[in-house]
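Here chain A shows up in two complexes: once beside chain B, once beside chain C.
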Partner chain A sequence: MAGLLNLLYVFLYAPILYVVFVSFSEDIVWPFPLSLTSQAYADLFSNSLYADALANSLILGVGSGIISTAIATAGVIGILRYPSKRRTLIIVIFLSPLFVAELLIGISSLAFNSRILGLPGNMFSAIAANAVEGIAFSFLIILSQLVRYDWQMDEAAMVFGARPARCFWEVTLPTIWPSLLGAFLISFILAFNNLEISFYNLGAIPTLPSVAWGSLRFGLGPELFALAALTNGFVFLIFAVMYVLMRTGLVKFGYRGK
Partner chain B sequence: MKPDSTWRDFLTPFVLLTGPGTLFIGVTLLVPLLTVVMFSFWRTESYELYADWNFDNYRVLFGEAAYRTFLIRSVVSAAVTSLICLVLAWPVAYYIARHGGRYRLLLVLLLAAPFFTGVILRIAALQGILGPGGLINMSLGLAGFAPIKLLMYTQFAATIGHIYLYIPFMVTAIYLSLVNFDFALLDTAKINGAGPFRAFIEVTWPLNWIGTSIGTVLVFIPCLASTITPRFLGGPNATSFGMSLSQQFGETGTWALGSAMSVVMFIFSFLVIAVLKFTIDLRRSGFTGAGR
Partner chain C sequence: MSSHDDTVSLSLEDICKQFGPVKAVDGINLDIRQDEFFALLGPSGSGKTTLLRIIAGLEHPTSGRVMVGGQDVTFMPPYHRRIGMVFQNFLLFPHKTVAENIVFPLRMQNIGKAQRDDRLSWAIQLLRLQGLEARYPHELSGGQQQRVSLARGLISRPALLLLDEPLANLDRELRAEMEIEIRRYQKELKIPFIYVTHNQEEALTMSDRIAVMRNGVFEQVGNRTEVYQKPKTVFVAGFVGQSNQMEGKVDKVNGGFLAFTWQGKKLVVPHAGDAKTGELVRFMIKHEDVQIEVASRKSAIPGNHNSIPGKLRDIIFKGQTVNYLVDLEGGMEIVASGSPRDMTLAAGDLVFAFWSQDTGSSFKLG
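This part shows the complex of A and B:
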């Protein structure tokens, strides 16, 4: 099984390595024999289109990530801590966006915004439409981590006079933050790189995926490969730090064993 | 002034905590979907929608062979992809949950990290590896072998692309379920004489079926609506229902027909969910913690 796991990682990262590799080569269509150049990186930083697109993607990702995590956390605490007859209904509602394809979320909000409300493409609609999907994923992640959370600790804090808000910040949050971080990251990535929801909601506002989509007609620009390579470098830097922290046991990220 | 007592009874902590999400999803998901259902009974003429109620869009959709072909192709492709992902993802998720130790979270994040690279770039890279001028076939050519035709712009290549894009969802869903699974139950089964296979079939599999079916839906639905992958990897004979659908809202501007296609796509997604829901036995779900 370890072999299959490694094979899966190879399968998942082969194209990523290919992207990094291509970003340094002179010919992106057939990058052999290898001739290294950093031209793509120079072009990337001199072209303001990519800076705008990156900024818009970041706004989308952070906005959708915050909304998703906040709403999903409240929802999970609601159903786990306060028993109610409507619990199943709430679970179904919060998970329902998972069962609607991104294409349909994008197209239906386009139809509603443009034909019913008469709104042009805008950032708020795009954040909201991406957050719908983010909420469902966040809810699933946080719920699966919090099912085993012991609410007696919170009740103890309340007995000693803590108000609900203080109890959340000082008792609940320190224990559950890794799953909230996980939920934020997932909803951030989903919105950051989303093409189909964002494309239909943003109109002419460029994001990284829509720039990639637009440039496909003339063949992908090597700058996009360079940008993807930089993003991956950054992500793997974070993973390396996490690995060191886990290795030394400094931060456990929710793991309860030795 | 004190709020009305009936309002106070209604605004329980449960309602205050779950209300915002319910409202948000209602306004940003349900209302737009209902709009699309409404448009599917309207008529488009030169990019404008007219509210004369009729079934023409559905008649076109089911009458013309092309749309039927696209739909069947997409449904079959989504089903095959889900099945392959299911078979591949289970051992992987099991291994991470059981033997990942303190690195479990990192191992799962490694599955999610490819998402940091946009879908288009990853598919373009896959095309650069699989395609006619790609890594595999050019290397074969240089070594004097014939290229593998199967990899060049076929439904097979599109399926590889789908597996590539969506298998992380399946692994993560099964993993999240297994993390909450009490592996001591497995030991109990073995002590009572069950072999590893029987213990898996009668204990591990049914108790993690909800997670598994969520993973299946998470793979099936985006595959059904897939537009980019078949366009780049599938070649001329892989036009999908999703590609045709997005065309109605783009180039052709026939919004009413596109809305009808959206409704059909939604119905198919819903059918799969309904079938899976039917197989779920909550008493054997292992999610007893949530149903307490």
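This part shows the complex of A and C:
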């Protein structure tokens, strides 16, 4: 049984590790016998296209992450605090982007933003389109954590004189911020790594995934392996930090009462 | 009621609260005086917590008015009311220290740091929380958490302190200790306390006045001895204290007394007011009002007493008191409660259960 599990891990992670391995090799087609070099990384950093792409991807990720987390948080709090007969419907509406292909979100947001809103394909449009998916994921993450939050805590704060905004800032947020951070990181990574939605809305503006995809036409370059390795490393780092924070008890997700 | 009386700090005028088809609170009128400890006693679902939430502003009444200090606060949000509250599950803010929790109401009222520190040391002293200021709620015992919760409720010297079953989560010993203490705080501070509980012992120990609530209405409002000794309804008689119940048809009404037959015995009891001859009445008498005597000493029972023969089935020793369970011939049972000092009786003895004709209460049924 343990052997089977290990085999599964190899199946899942071997390609990723292989990419990292190849990125340090001289010959990317057949990296044996071993001969290590950091040439691919030097190429990557000397090409300004990749720097632009990285900056754009970061803006996209942070922008979409913030919008997604803010809207999803408001939605979850609304659902949990003000029970309505239409609660299920509202949840379904929030989650439905999960069931739509990214390609369709890309095409339809492009069409809608440019034709109806008059927004040309630009960064704002791309951030908004990515947030469509980000909101759905954030909503799911925050909802699963906040169902355990005791809203009587907020009632107590209000009886003691806290207005709603102060109450959120003083009592709700300090308790629920870990789940908001989780939602932000997930929606950040989604937008950062996204190709289809961003590509339709950005056109010629480069992002890391679109540059990687575009360069495929000229064959796999060594700098692509370096890029893939760095991106994976970055994402892995985020999860590692989250894991350590949770494991050491510095950050506990969800409500920390009793 | 509309004219403002200085000694009245809270008035409820005809409060109703409807949740869909359910009337949780149904026409409550109440005046709470400046210095009283008032208990709202009732079983769960009686509407007492809803009423408390209406007073706090966490719920709006469907109709009626809430007046605090002569001011109509019916639709005022909770954060403007300056009412203190203590919650059943304490609801301390988990990310704040004891000191931060306690001064929270003062910070919300934008009271300066110097005054905050002053008041904090006052509250710490009053509730004997010295040395715990820097701890977090999860590092405290249940009793300490409750003290912190009380300190937070009292620190702003509110016009009114609401307590929602604050002792329900504490163990028995601690509860008894806190009962006395909470009453002491109220008497010292002279702030009206409204104390919601389903525990009649708590209500009797702590409060000056008690309202017994059921199905959204007050069954009886009165001072504690009155509610205990002169219950107005069958429900109050059964809910407050422990009673024996006897039912029968009225044979005769004579002044302040009525006679009825129960288990073949003629009993004379206080009159229910409007029960007439031939009508069904229920007579209720508290365990401690029933005494017991061995059959051989029947002559020692005074004349103006009801007495019923039976057999002592068991003696339940409760420390401060003893309960005698007496089996009657018809299969019924009477419980008499007394002091354990004279435990000369043993199970199986033939005894008489007897009580004075002017104790207990009778209620017309139907």
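By definition in this document, the second predicted complex is superposed on the first by the 212 of 258 C-alpha atoms of A that agree within 3 Å, B and C clash if a C-alpha of one lies under 4 Å from a C-alpha of the other, contacts with A are read in each partner's own complex, and residues count from 1 in each chain.
Criterion: a contact is a pair of C-beta atoms (placed from the backbone, for glycine too) under 8 Å apart; a residue touches a chain by one contact, two chains touch by 3 or more.
All values derive from a computational prediction rather than experimental measurement.
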Larger contact residue set on chain A - chain B or chain C: B
Contacts of A:Gln152 with chain B and chain C, given as first, second, both or neither: second
Touched partner set for A:Pro15, first chain B, second chain C, both or neither: first
Which of chain B and chain C A:Ser48 touches, first, second, both or neither: neither
Chain B versus chain C as contact partner of A:Thr248, first or second or both or neither: neither
First (chain B), second (chain C), both or neither touched by A:Val171: second
Contacts of A:Ile77 with chain B and chain C, given as first, second, both or neither: first
Chain B and chain C footprints on chain A, overlapping residues: 255, 257-258
Parts of chain C lying in touch with chain A, wherever the complex brings them together: 56-58, 77-85, 87, 89, 91, 93-95, 104-105, 108-109, 137-138, 152, 156
Complex contacts: residues of chain A adjacent to chain B: 1-2, 4-5, 8-9, 11-16, 18-19, 22, 29-30, 32, 67, 71-72, 74-75, 77-84, 86-87, 90-91, 93-105, 107-113, 115-116, 128-129, 131-132, 135, 139-141, 143-144, 147-148, 164, 178, 182, 185-186, 189-190, 192-193, 195-196, 200, 208-209, 212-213, 216, 220, 224-225, 228, 231-232, 235-236, 239, 242-243, 246, 249, 252-255, 257-258
Chain A - residues contacting chain C, complex: 150, 152-153, 155-163, 166, 170-171, 174-175, 255-258
In the complex with chain A, residue positions of chain B that touch it: 12-18, 20-22, 24-25, 28-29, 31-33, 35-36, 39, 49, 88, 91-92, 94-96, 99, 101-107, 109-122, 124-126, 128-129, 133, 135, 138, 164, 167-168, 171, 173, 176-177, 179-180, 214, 217-218, 221-222, 224-225, 227-228, 242, 245-246, 249, 255, 258-259, 262, 265-266, 269-270, 273, 287, 289-292
